[in-house]
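Working notes for the structure below.
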Amino acid sequence: GGEAPDAVRVGLMPTITHGPALIALEDEFTPGLAGLPVDEQVFASGPEEVSALLSGSLDAAYIGPGPYVLAEGRAPGRLRLLAGVVNGGQAFVARPGTGIVDARDLAGRRVAVPAHGNTQDLTLRLLLDRAGLRASDQGGDVEVVPVKNAALVEAFRQGVVDAALAPAPFGELLTARGLAAPVPAMDRTIAEWEIPATVLVATEEFARANPAATLALVRASARAVARADAAPRAVARAFNDLLDESTGTRLDGGVLLKALDGTHASTAVARGAMARMVRAAEGAGYAGGPVAPAALVPRAG
Amino acid sequence: MDGACKTYEGGDRPALLPTSFTVERGEFVSLVGPSGCGKSTLLGMIAGLLRPDAGFVEALGRPVEGPGEGRAMVFQDAALFPWLTVLGNVEYGLRAHGVARAERRERALEAVRLVHLDHVVDRHPHELSGGMRQRASIARALVMRPEILLMDEPFSALDAQTRTILSDELQRIWLETRPTVVFVTHNLIEAAFLSDTVHLLSSGPGRIVRTYDIDIPRPRDEADPALLDLRHDMLERLRAEVDDAAERRAQVAEVVAL
Amino acid sequence: MDGACKTYEGGDRPALLPTSFTVERGEFVSLVGPSGCGKSTLLGMIAGLLRPDAGFVEALGRPVEGPGEGRAMVFQDAALFPWLTVLGNVEYGLRAHGVARAERRERALEAVRLVHLDHVVDRHPHELSGGMRQRASIARALVMRPEILLMDEPFSALDAQTRTILSDELQRIWLETRPTVVFVTHNLIEAAFLSDTVHLLSSGPGRIVRTYDIDIPRPRDEADPALLDLRHDMLERLRAEVDDAAERRAQVAEVVAL
Amino acid sequence: MSTAAGGAGAAGGRAVRASRGARAAAIGFLRRSWFVLLILLVWWLVTAAGWVDPYKLPSPGDVLGTLGTLLTERALLVDLGATLLRLVEGWAIGVVAGVLLGILTGGSRVLEDGIRPVIAGLQAVPTIAFLPLAILWFGFNGTAVLAITAFGTFKPMALATYGAMHQISPTLLMAGRALGARGLFLQRTLVFPAIVPSLVTGLKMGWSFAWRALMAAEIVVTGAAGLGGVLELGREIGAIDVVMAVILVILVVGIATEQLVFARLERWVNRRWGLVGAR
Amino acid sequence: MSTAAGGAGAAGGRAVRASRGARAAAIGFLRRSWFVLLILLVWWLVTAAGWVDPYKLPSPGDVLGTLGTLLTERALLVDLGATLLRLVEGWAIGVVAGVLLGILTGGSRVLEDGIRPVIAGLQAVPTIAFLPLAILWFGFNGTAVLAITAFGTFKPMALATYGAMHQISPTLLMAGRALGARGLFLQRTLVFPAIVPSLVTGLKMGWSFAWRALMAAEIVVTGAAGLGGVLELGREIGAIDVVMAVILVILVVGIATEQLVFARLERWVNRRWGLVGAR
């Protein structure tokens, strides 16, 4: 719209990898952004945030790199990558007794990821690629099964899947319940790639029309990132508060802190990591079109 | 009053051969004939509800191009609108013609009084007896002040006594308002009792095979021996007309039962 | 053959007063009466399809406790099973009684031949004429070799000619197989033509008001003047019986139409 | 058929009748609810005896308790209200659109022959399949859910309207035309009232499809308040008692709607249209 | 009403008739498909002119292209096969269970009065609401989806069976009983065949509900192959062309089922049961 907005609509998801976003909502956004109040909206998944951004019901969002990259492929130039937020934040776990210690052991296995085209799905494909394997929908023999985070416990309990690449804290949760064990070799590889768990994006339209608010958003987010990096406990508390508010449950603080161990709050976005995401998306046939390299570099102003 | 006020020349519908006849203004004409001979088709064409494949129909000096225009119709099963009251039904045609509310009400009440239904104006059709329903249907047609009233076996769904009563009433109403009437029936007595002219139609492809002019002065009495003679005459004629044996049997049974 | 083979004492159903009568084995009895007087109810109780509220029904020396057991019924509208062929319909009762396939087929074909339907055994009911349907229905009852055959206005849905033909056939079949028959009808000629005994039932709460024994030797002719006299007698009696004016009119019309 | 009672003496007859009435009511209640009671009893026995894992089947008491908690703490009534509002809105839009389309195009053979097969084809596709389209077109918010609900209602209503229009008595139509009714007046005052009885049946059908489309959509689009979101939440946190409590709420709402709204409407219409005997 | 053609001379009459036949067929085709063609045209124009964002509405060509890709690369036929198998299985189970329950309990007033309201109540609850229960009871796998599909079919089929049983002609029942049929023999050889024509209509209704339940369930339980999973995939990766391609496939399957299976079945049953005139 041409008229001045009356609030900045920021989307986020209630997961621990959105920790800085949670902190930002608690404090940093309270005074508003360049004179505009912040209207936060909670989403269940990345694709939903993308839909909201592209249909104009959201101005900016904390989102996984997977959905962002896919959106760039399908609707080029409509979104703008503003800054990094959290890197890491995913853990590879396997059902005890499956003997999975390396990516090569995944041949003929069923591996869960939260959803098609999300960060974990793309990362898993990169892992398989490195091990010379392919997902079954790409003609290989590793079955990549989309299992929503909430169903993960049940899926492991019933033995529906052998392993999972799960966003924090669900991998740790499975481990804590004895349903799965970490696979350190895989986690190391993922860490090397510095794949982001969460990035901050805005619609190009909003960023152009409201440069001051956009800049304020990036700065406020950066402050929140710094605080999250320094005080993981605050993140855990903010997460549990949000969880409690919406579901009436709280997760074990120990598990949360353990999950936060594997995350690394940072405004930097490793360029190679984003390029890898694009490659994985293209390989899986998810990309609707080519992604301009410029879209992979954060751009605040 | 320009002599021939309505002329019909029928189309080549399988069951209705080209047929022509004329009805004088203010005349009461009956069409009688075996089942399926095309009486309803003919009436529908005069009403403007059906279009002849060939030939043309003229009413009140103008060719018939659609329903309405001074013609009103009464159907065998009354065909009242079940969701409207008696008054609502009678007012319907006036509403369709955009008559103002007050005038509508007044004319409808007048029509309802004419058929002696003023005590049940607020009832719905299913709360009426068959005879009352048929009278409401007649009121619905009369309220349009039609110059031509078309009636398609209006009494055939009724029992014998109600039928006789309504025949009497129709005669009275006709004497009061004097519309041109084209009346279709299976009942020969009824036809003879009510009409100035009776046209006998043939079975199969319908066409007029005989015309009777009835000069008995009105008001008439159904037990009049002249009427009974006439009926006998028509019956003989009809018998001869219905050639197929099966059809003749059904027809005779039908006529005897009247 | 032990004298009284069937006794009925009716219940206090609103429309059927306590009624008693006896039918000899091999006798052809007709029940005649105004509409709604309880004839079907009575027949249903004999068939074991309805339970009397009080009193009891005895058939073949045993009290009736359910359908079957040597009794078979023919209904007004044939009530054939539309999804079965004529043969399938006729075989149905045998299947219900677990008769073996071969015997079933043989007995069914025999019954079908008896009613002259052997050329249409593979047709479905909707491919038959009304008269053929009713004959199939009779075959379906006869194949059970019933000692008692109950017929509830079996011919009333048919036209006059078919009716006459079937009456003749029924007489022939009865003469051949000699079951006990209880026959309900509105048609006085039919009743007189077929029966050894005719019971006249009253309207309203049904009860037997008159019994006629008919000694005319068989095979009979429908045009027999003795039958016509009898019919006249019964008609007068019925007229007197139907007290309500409206009902009398309907009744008379009905009877005249026959 | 109350003649059987006529034998009772006049004195004390009222008392006898009253106690009979109470007994009849009790029998009537039992007759209609013995199976529900049986289910509840078995459910209670099975859970009380510990034969099933409470994780898989909580006891009736637990479910009621959870329902209480949800009502007080999660403000389930807000969810219920939001869902019902969306349901009624979407349904109403779908009904009006479907009936209008049916009436306006059902009068013309050309229009009907072209449009009806398309709607019949679309009705063969579960409405939920259009949800991704709705989300992209209307945004990830209540509008998409509303659109899906309305669309889910629209299709069966339009088909029901076409069907009903074919059943209008031709004589009634002729009578109307003979009285001079035509065009929109005819549609409004004759065609529409004539199909009302069939439409009432269609309304229930549409309501059923609206519920299905709405629940399926709410389960996916869980952002705002709504029963679907609670249901999905219950599934996600593995709280089967929450799921069953929500089902219970929908059940009660469904039965209440049927009894208080549709059954009454149907009775009223059938009486007014003189169809009492016909049913 | 072909008498109009009777005027044509005998010579050349055949040729005239043939060309007339071809013209009539063409007109018939146009009559039924002009609206589809219109939609396609508008769709094509709108996308070709660039009036809408291809992200929100891809062109017909794109959708067809995607469909081709899905068919060759993703083996969409496997998904379709899996879904259809589940659909037919679940539907068949639901039909058999519903009809059996209806027939076995519909004969007794006590059983019917107790059970029917419960099923009617359950039918008021969208089947998808039971999915969380099914997942907990049957596991996060195809069995839960199958159970939901079967349950979604079961309810309307049982209700249709009850309804049909009330419409059996009492004379037909009396005729059967008078011939000595009783108990299971009566149910099997009289009650069941008597309700078949109504059941055929019910089958279509059940199929419609089965599709809805199955799609909604497949969208949530996306593990195995299935159209619901592809639909969800399309939504997750924001590929509206995938979504529309799947809708297209369901549409074609739906129309084919209706034309090739249900319409034929209905025609056959109506002919066999002698209902041709009645419809």
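Each chain carries a letter (A, B, C, D and E) given by its place in the written order, and its residues are counted from 1.
Note that in this section a contact is a pair of C-beta atoms (placed from the backbone, for glycine too) under 8 Å apart; a residue touches a chain by one contact, two chains touch by 3 or more.
A quick note: this is a predicted structure, and the numbers were derived from the prediction, not measured.
Chemist: Along the graph of touching chains, what's the shortest path length in steps from chain A to chain D?
Modeler: Counted as steps through touching chains, the separation is 1.
Chemist: Where is the C-beta contact count highest, in terms of which two chains?
Modeler: The chain pair sharing the largest number of C-beta contacts is D-E.
Chemist: How big is the gap, in whole Å, between where the Cα atoms of chain B centre and where those of chain C centre?
Modeler: So the centroids are 42 Å from each other.
Chemist: On a C-alpha centroid basis, what's the spacing between chain A and chain E, in Å?
Modeler: Computed value for the inter-centroid distance: 40 Å.
Chemist: How far is the middle of chain C from the middle of chain D, if each middle is the mean of its Cα atoms, in Å?
Modeler: Roughly 49 Å separates the two chain centres.
Chemist: Where the centres are mean C-alpha positions, what is the separation of chain D from chain E, in Å?
Modeler: Computed from C-alpha means, the inter-chain centre distance equals 20 Å.
Chemist: Could you list which residues of chain E touch at least two other chains?
Modeler: In chain E, the residues touching two or more other chains are 55-56, 135-136, 220, 235, 238.
Chemist: In chain A, which residues are in touch with two or more of the other chains?
Modeler: Touching at least two other chains: 51, 54, 148, 151, 154.
Chemist: Multi-chain contacts in chain C: which residues touch at least two other chains?
Modeler: none
Chemist: If you look only at chain E, which of its residues touch chain D in the complex?
Modeler: Per the touch definition, chain E meets chain D at residues 31-36, 38-39, 55-56, 109-110, 113-115, 117-118, 120-133, 135-137, 208-209, 211-212, 214-216, 219-220, 231, 234-235, 238, 240, 243-244, 246-247, 250-251, 253-255, 257-258.
Chemist: For a test of understanding, state which residues of chain D touch chain A in their complex under the given definition.
Modeler: 73-74, 135-141, 221-223, 233, 235-238
Chemist: Could you list, by residue number, the parts of chain E that touch chain C in their complex?
Modeler: That would be residues 169, 171-172, 174-182, 185-186, 189-190, 193-194, 196, 272-277 of chain E.
Chemist: Residues of chain C touching chain E in their complex?
Modeler: 44, 47-49, 67-68, 71-73, 75-77, 79-84, 92-93, 95-97, 124-127, 140, 144
Chemist: Quick check: in the complex, which residue numbers of chain A touch chain E?
Modeler: 45, 47, 50-51, 54, 67, 70-71, 74-75, 78, 115-118, 137, 145-148, 151, 154-155, 158, 160, 285-286, 288
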